[in-house]
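So, here's a batch of structures to check.
Each of the two complexes below includes subunit A, the first together with subunit B, the second together with subunit C.
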Partner chain A sequence: MKLLTHNMLTSHVKGVTKGYPLLIKATEVKVNEVEFNPQFVSRMIPKLEWSALVQAAEEDLPGELVADYETNEEFLKKVHRILLEVEVLEGCLQCPESGREFPISRGIPNMLLNEDEA
Partner chain B sequence: MASSCRRPEHTAPPDVVSLSSRMIEIQTQMSERAVELLNLPEGQPCFLLDVGCGSGLSGDYLSEEGHYWVGVDISNAMLDVALDREVEGDLLLGDMGQGMPFRSGTFDGCISISALQWLCNADKKSHSPPKRLFTFFSTLYSSLTRGARAVFQLYPENSEQLELITSQAMKAGFSGGMVVDYPNSSKAKKFFLCLFAGVTGVLPKGLGSETSDRAVPNQVQYSGQRCRFKNMKGKSVKKGRDWIIEKKERRRRQGR
Partner chain C sequence: MDPTEERNVKAFKRSKEEKKVIRKQIKASHTLLKHEGISTTPHPTESVVVANGGLGNGVSREELLSVLTEAEEVESLFMPPHKPYAFVTYRSVESARRALTQLNGQKLQSEENSITLYLSYVNSVTFEEEKSVPLPEGLVLVEEFVSPDEEAVLLAAIDWLSSNEDVTAQKSLKHRRVKHYGFEFRYDNNNVDKDKPLRAGLPDECLPVLERCVKSGLISIMPDQLTVNQYESGQGIPPHVDTHSAFEETIISLSLGAKTVMEFRHPDGRLVPVVLPGRSLLVMRGESRYLWTHGITPRKFDMVPACSPHSPASDLGTNRNLTLSKRGTRTSFTFRKIRHEPCCCAFPSTCDSQGAASAFSPSPSSPPSLPCCHADATRLEEEYVHRVYNAIASHFSSTRHSPWPSVCHFLSLLPAGSVLADVGCGNGKYLGVNPELITVGCDRSNALVQICVERGFQAFVSDALSVPLRTASCDACISIAVIHHFSTPERRLAAVRELTRILRPKGQALIYVWAFEQEYNKQRSKYLKEQIKEHRQNLSPINNTSDDLQEPHGKSQIHTSEHLEDKCRAVDSMQHISKGTNSKLSVHTNRTAFNTQDLLVPWHLKEGKKQGEEDSGENTKKDKKTSGNSCSPCRMSSKTRIDCNPGSSPSMSCGSDLDTSDATHGPHFKSMPSHDTTKTSNTILKAKPENGQVPVFHRYYHVFQQGELEQLCGQVAGVRVCRSYHDQGNWCVILEKD
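Moving on, here comes the complex of A and B:
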């Protein structure tokens, strides 16, 4: 699971109103090399919940978005690395409201709900 | 499972489907067409959702086109194959009938190849297909950006099923409808449910119809098909294969 995906994921369990952001409890993380596409990163930045990204990334990210980020290549490369190169392979995602855990195995989060949760 | 089987959902639940090379070819062609129908802005890498991504065949095509994607599938086995094939998209194990677990406005578009009809079968007693369809469509709707499209290639079992699917999609807020390619060929006929989120759009034309703008078939065609594309005067379309043959014949008759 990449951090870009994590930034978009919420708990969809019935009755949960604040299922975002899911807390990452990682036991195995990998960093891949992914081709840098500044156009894509630039387009995604406004869609992100920035505070959730800061919380999820173990790196130093500014608490708030810098102005003129579109032209700041160094900044874009940093965001690119966090969004697309860091991958959580094993662990789980925890709902901030209910504490319900969604396991991650081989990089794939299991979002299947039980009968009473759907 | 026999590769000629067109109704895999009749033989087994969705998590036990296998592939054949013919199916792979067809899946890729359908992915191409689905992306075409998405009408994404040119030259821009987009963030897309692939529902029922399976082993990642359609996802591979999305990556080829320069897009980033997230795939959802209910089959662990299929997702394992996707991992082995080292697909570039992120994968999620999930049941589309339980809803799409994303924030609003996440995706620029959504495609789904041969997956939607699974929602119409109640695999478990507690499942209600209309409710699952609605849960799926309503959560999908909110996960799309305004103006985004969702394109579903499906094999509808009958008109009732098609009606059920379309009505639940409309209830969820989508506009749009069915695009049928090659309606006159039982072999080549393909159905694409083309939905618009937040805006009313003009439904694209199906391929292979008499009044189609596409006079010459592109790569998405089948060798067994004898479809002729003629203009209103009854002659073959200029520069098409038939036209060239007819012209050669004409010149031969004229003694040239």
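Moving on, here comes the complex of A and C:
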């Protein structure tokens, strides 16, 4: 699971209102090499929940977006790495409100709910 | 350099090293707090957490202990399962202090990896003490049943080479090796041919062991059937219940060679892992024989209790004293007595003599009917959609490699950088079509999602009725051939509602469902057309060789109903297709017109490694036949991952559900006339089932009538149908959110 995907995922346990963002508890993380496409990255940024990304990334990201980030190649490279190159292979995602853990196995988050949680 | 200078330089270097270690140790404790909720403290205590020294990152108990005991004596060591850390308690604070000073930053060699350990003090060590899990009822494990000499004699008694080519095929497919004596166990129908005993009876070398079993009262009748299974590291056997009607109650299994972990599963979901040491005998009776499934997950390492005189080998229930055990080659001798009368056990749900159909796990003994409530619907879909897709994932994926042009067209029109969700993404066919999009896929089938991830796409497992994406977070979404698997109109509506929920205002959704009307505007769909072709060729019962044929190749006939009157007419003229009360779901005959909307569609599973190549061969032929512009909208860039050679698609997953090679324990089997297998004859190493019999799975579908999908979408507030059309046997709509 890449952090880009994590940025989109939310807890959907019944009754939970503040299920986003999910807390990442990673036991195995991999960093891949992904071709850097600055245009693609700068198009992604406005689609993201920036504060959730800052929280998820262990590296320092500015709390707020820098102005003119589209032309800031160093910034874009950092974002590229965090969003597309870091991958959580094993671990779980935890609902911030209910504490429910969704396992991540072989890079795949299993978001299935039980009968009583749906 | 003079000695003083040298000393100073050394000291400087040392302190630099020390600082580095401290920095990393702080970072490690940071991570422990952030991800594991473990608080470390700078104040010395008796308890220490060892980051990177855990079962979760491949460190065994023995390896860690040998490093720890080099420093100070350890009072207790707790290694939580699956975690990358461990807790150590020392006799005194001073002892812990010394240990920390000495061991912090220490390197540990585990397998080929060099691991650095970081130690920090913790205030308390908390671990959940789980209750010891009891063995399934009727299960007995007797350790040291045979001596090492006897073990050697038994292993030598098996002449693998004298077997037929099945064994060679098994080896080359990296499959466990199997050999039968007395009677042959057939994997195509999970039963024994009781009228045809094998020439080779049980080997004489087994007699002393069997006599010992009788003497100890473990069995009362001498077995007359033996199956020898040999597992290499990484091999296993899917969970199953031994066929009731084939064998008498008591089944004994002798484990030789390496130990392994066998997992017992109860229908209610309970899982009990049981360590089977080498030279131990497992006796299955009662529930453990008739009700619980047993299986061995294909793995290279098992989590087992660390050997100690106090913990019995079977005690995997508690979390204490666990370690990793590398698998080695294990050979099992399973002795059974052939049953000649029907089984009359107390477990009809798993009993084939008493009506149970599937060998997978307990299933309803009567054919399914249309559900009348949510719980029934969930059960029906679990049995006839989810389990099936998980079982056929690999074969299914190999027949789903050509993206449909109209879907590609929809994707190509989306602006670059759009967020797209593919709900029910299957094998990820559409996830890479437009590389300019930010795409995420989800599917109910873990096996299919795995294929997506193996292909490099982002996907997760979830239900389409509850998609874990935030409301209004997607620019577009697609749901291709998904909603027709929901068995009530309410659930189908709920699925459409979810799709619209995740869309942002003005976002669009594309939905495809299988159409009841396979012939539209006097044009038969490809699905039907293939029937005529096959009929001429074979004059044999119709079966699906590749469901891909329901997909368009080349020009597709898209008929749009843009005029309002047309739309209304379509809705009004919806036929009343007889349903009947409490209707049993009938099984559809592939390649024929539908005569009912709710039905079970057969899937004939093809097995063997070269499966994909065979299908692609057929496919490329078709591509050449049809017009040349077949996939041009789909080739957005050279980066597209959709290739028409599924032979390069990932090998069959090793999850226990997916062991679909010859020795699978599958559900109902149908015989195919032998000349149908000629299509598969060009595959070399295929493990061909006996007599050309092939497993058949049934998938539930609700096929849509003309106008029905539009009517369904019309019931959803805040969204309108902006396009609706028929595409090669499917009804399609494009929805736009207000």
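The definition used in the following text is that the second predicted complex is superposed on the first by the 118 of 118 C-alpha atoms of A that agree within 3 Å, B and C clash if a C-alpha of one lies under 4 Å from a C-alpha of the other, contacts with A are read in each partner's own complex, and residues count from 1 in each chain.
The working rule: a residue touches a chain if its C-beta (ideal position, glycine included) is under 8 Å from a C-beta of that chain, and two chains touch if they have at least 3 such contacts.
It should be emphasised that the depicted structure is a prediction, and the values quoted were computed from it without experimental measurement.
Clashing of subunit B with subunit C is the outcome of superposition onto subunit A.
Contacts of A:Met44 after superposition on the shared chain: both subunit B and subunit C are touched. In the superposition on chain A, contact is made by A:Thr27 with subunit C only, not with subunit B. In the superposed pair of complexes, A:Val66 makes contact with neither subunit B nor subunit C.
In the superposition on chain A, contact is made by A:Asn110 with both subunit B and subunit C.
Of the two partner chains, subunit B and subunit C are each touched by A:Lys2.
Among 346-354, 454-462, 562-570 or 670-678, the region of subunit C with C-alpha atoms clashing against subunit B is 454-462. Shared interface residues of subunit A (contacting subunit B in one complex, subunit C in the other): 1-2, 4-5, 8-12, 20, 39-40, 43-44, 47, 106-113, 115, 118. Against subunit A, in their complex, subunit C makes its touches with residues 35-36, 56-57, 82-84, 378, 416-417, 419, 436, 438, 440, 442, 444, 446, 449-450, 453, 458-463, 465-470, 473, 475.
Of all residues in subunit B, only 44-45, 47, 66, 68, 70, 72, 74, 79-80, 83, 90-95, 97-103, 105-106, 126, 135, 139 touch subunit A in the complex they form.
By the touch criterion given at the top, residues 1-2, 4-5, 8-12, 20, 24-28, 39-40, 43-44, 47, 90-91, 102, 106-113, 115, 118 of subunit A touch subunit C in their complex.
Residue ranges on subunit A touching subunit B, taken from their complex, read 1-2, 4-5, 8-12, 20, 37, 39-40, 43-44, 47, 49, 84, 106-113, 115, 118.
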